[in-house]
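Both complexes shown next keep subunit A, but they swap its partner, so subunit B is in the first and subunit C is in the second.
And now, the complex of A and B:
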């Protein structure tokens, strides 16, 4: 098992290095003086042009490209992500401030899509061929076809503007004392993000449940005359769950990238919001760093998923 | 003492069905209008027929936009600003007094063009590399595989926005970006199809005849993988249309001067328009959703009808 994990890690590292390199090249290609995001802004303000040139030399900006790449990489490893172009804040601080909001949103969305997706998927597998099944299939397709932003706008109009049940957007207000007050803000964005992913989970758990229902041991269970719920829940569900877990594992990092639009509609102060703002303001260092962050999360998630599946199903490791 | 067996309840129903089947099997086979089995199956799928109908209506009405639409899409008329839907303006007018209906029709052209164009472009690149690399294997295959892995390790939306920030906004840039970010999945699918077709005996035979690699690969093997590729093209058209509209909604897609579905709905970023002028964004949103839904219906029907494991 350990050797498997190490082997997977070893294939992941060159991949990450290549992506780091591409991102570094991307930053070099941009028409922004790197010194403006490598040094804090108040330091630059106090410097004469000669001092600046000296600083450039000291920072190694005049050194060959490849040397600078490795130094930049070393900086990232030490947690030095550079500075934002627009307000000179360290990128590390921006990410640290925005990431919890995105993770909160993503976890709720993941919860919603998993609960509904797995439940509805198993329901339509158990009742396959029935009206319920085809209605759920159509509903699933409707779910992936409505753009998130349109769905969001309709929900804002109905629940926030007309019914006034939920706040229009934002995450928290200074006068809030309990989490429950803040929770009202997360309901709409999480529902929309969750619904757009439910269809995928549903389709997946339906087919894996159908697969499980055709296995011999389930036929035996049925032949023994076990009650239906026992067959479906204790026997079928357990087998069907493995591939679903894999899917959910892969969903987690895409949520960080996938919440970009939803965060914009609801002014949710997360990574996606920061990303769009950075793209709009040509704030390249921040754009690149967030991209790097999401890639790292994707790769880490795929590693974890692989290890999990290998743990659950020993046949995987042999491949 | 033997009583004649009279079926009851469910058994009766089954017996009746069996009788029908027996009767049908004695009739001469019907003449079939459409020769292709997959096409026949697609037509018999209700959802995909609905999809094809909606798709055709929307595509035709945007192709003939200049004939149907009562006003030019960019015509500004400040005296007619923010009018509610009426006979003169079926979808009302926007802030600048432009007719929303005409804009939706014309916007469809660009949005469909971007969606379909990027899907076809991505499929072209993906199929080109996927079929040849899948067939040949070796160093080229490994290199292209790694490149596709790099592209696919980014969340799609993040990569698209990253590239938009680097190359700037324009229609052509958007197409290129979508093709760049979308070819990976077609490539992988085609490659895996080719890997299994490669093991077929007829391929061995063709190779034994000494046929050119390109001919074996593109003329003899590729047609057998066309089903999943067609499905992929339809589904990715839907995905790219969603992405284009999302990007334009964020103000980062097609430049605002050009009417696209996303740019029209972009106006709803404004609270007062969202609240008071539903006709500006609700019909467009519905059109986008309907169009994407119709493509998804078609794609799903295609998937079922081209899947050789579901014969019949």
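And now, the complex of A and C:
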């Protein structure tokens, strides 16, 4: 098992290199000149072309593409993620500041969607054809098709503006002394993000569970005289679990990538929010780093999923 | 009444309601199982053998209903009418596995792939023996597996079903089924998926169980050869009806139903040499949704008369337990 994990980690390195290269190429092809975002418009207007050229030189924007790529890569290897083009802040610091917020939000959303999605999915499968099942299917459809921003705005209107139970947005304030005060801020965004993910998990759990319920060994379990919970949970769900774990595992990248829409609506100071700002500002070193972070997490998630599947299904062997 | 009778199915009908159509899967089916005896239920695919067996344990799928009839179980002080029992209740759960055990056709899929064989046998033991401990159950599982002829059972008990061969899985299934000393063993084509030598071993095992534990065995098969070797009694089914029923001698030596006769003529019989005439039954089984109005076998029957087109014949007793559903059975018997 351990040697498998190490081998998988090693194969990730060339993959990451290719991805880094693609990201770099992609950003290179963006039409805007990044210099215009480093210097105010009036200043550019007043600058001589030579001065501008000097500036480019200083920022390393003039060297050949491939040189800049390896330069950038070497920096990453040394833990130097470069500097934000908008305000010169080290990207490491930006990410260190934004990541905890995103992880907090995504973790709650993942938790909500896993618990509710799996539970409702099983319920729906066990009671297939009943009104509960139809109601849940309709709710799931609604959850998937109604956009997050709509839900978000409705919730803000009801719980923040009318009822004044929860804050409109943000994450924390200087005067907070306990986590509970901060926790009130995460409730709405986590619920919104959770709902949209719950619907997917629910539909997936339902079909996976239905599949398990139709298998022959479930009839064996019934013929053994086992109680219902053993039949459904220990025999049915235990087998249905594998595909559900795969689905949830592949959601792990949201832990670091964040959700653009939800973070925007609730002014959540996370990675998703930072990403949008960076894209708008052609702050390409930051965009690249966030993309890289997400992709790395995706690769890690696929490894985690493989290891988990092998742990829960004895037929799967890690080769 | 015969003291040996442990299970009596009487006039049992089960229908399926799928796609808003009704399929009378079994109709007024009657048979009895006796202690220390093997009852073989034979018939072509789709004739209702599995449905009859599932009904006994109330394991019928949704969308199906027991329309009429009785399933009487005599294994306790008082007879139990299984057809009236709550299919989700505690009583049927005690009976399932504890008193009536079932093994299925395909040992490849009948065991749960994510649990060890030992876990699955212990699970059943623990369910029906409330004061048994986990390690005792595991020890018993090892004993059962080795009694079923599995070598190195103490190691194999910790393996998963996919590490077992098909024959070994079926042995494990039988070990599990016999773990709580059931009074009745329902075996639904237990060897169809296995090769011939393994088949013979499994049948030998079941024959021993019958003798050692005085269990009643209900063996479902479509193999007449198996019937000749193992059965004490035979029920022949066709399109949801038991068309002929009796002791193995009565039914095989003096078949009274044209279908039984045709079935026997369609298989080679060991010891009769290579010159025997083998005749497949002519025609094909009707669509269950578009049944003949009278006797179900009438379109394929050599003896069919006008009367046969009107209604399914009632059960008629020929001698002793031997009974048949045929208007013309006397002629069939005469033709022997």
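The working rule: the second predicted complex is superposed on the first by the 250 of 319 C-alpha atoms of A that agree within 3 Å, B and C clash if a C-alpha of one lies under 4 Å from a C-alpha of the other, contacts with A are read in each partner's own complex, and residues count from 1 in each chain.
The rule is short, and it goes like this: contacts are C-beta pairs under 8 Å (C-beta built on N, C-alpha and C of every residue); 3 or more make two chains touch, one makes a residue touch a chain.
What you are looking at is a predicted structure, and each value in this text was computed from that prediction instead of being measured.
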Just subunit B (first), just subunit C (second), both, or neither: which does A:156 touch?
first
Would you sort A:148 into first (subunit B), second (subunit C), both or neither based on which partner it touches?
first
With the two structures laid over each other on chain A, which partner does A:235 touch: subunit B (first), subunit C (second), both, or neither?
second
Of the two partner chains, subunit B (first) and subunit C (second), which one does A:226 touch, if any: first, second, both, or neither?
second
After superposition on the shared chain, which partner residues are touched by A:299: those of subunit B (first), subunit C (second), both, or neither?
first
Could you say whether A:9 touches subunit B, subunit C, both of them, or neither, answering first, second, both or neither?
neither
Is A:279 contacted by the first partner subunit B, the second partner subunit C, both or neither?
first
Tell me which touches more residues of subunit A here: subunit C or subunit B.
B
With the two structures laid over each other on chain A, which partner does A:25 touch: subunit B (first), subunit C (second), both, or neither?
neither
Which positions of subunit B touch subunit A when the two form their complex?
47, 146, 149-150, 153-159, 161-162, 164-166, 238, 242, 245-246, 249-252, 265, 268, 271, 274-275, 278, 281-282, 285, 288-289, 292-293, 296-297, 300
Can you check the complex and tell me which residues of subunit A touch subunit C?
129, 215-217, 219-228, 230, 235, 238-239, 312-315
As the complex stands, subunit A meets subunit B at residues 15, 18-19, 22, 26, 29-30, 138, 141-142, 144-150, 153-154, 156-157, 161, 168, 253-254, 256-258, 260-261, 264, 275-276, 278-280, 282, 284, 287-288, 290-291, 294-295, 298-299
Touching residues (chain side subunit C, partner subunit A) in the complex
57, 59, 62, 88, 92-98, 101-102, 104, 106, 109-115, 123-124, 127-128, 160, 162, 173, 176
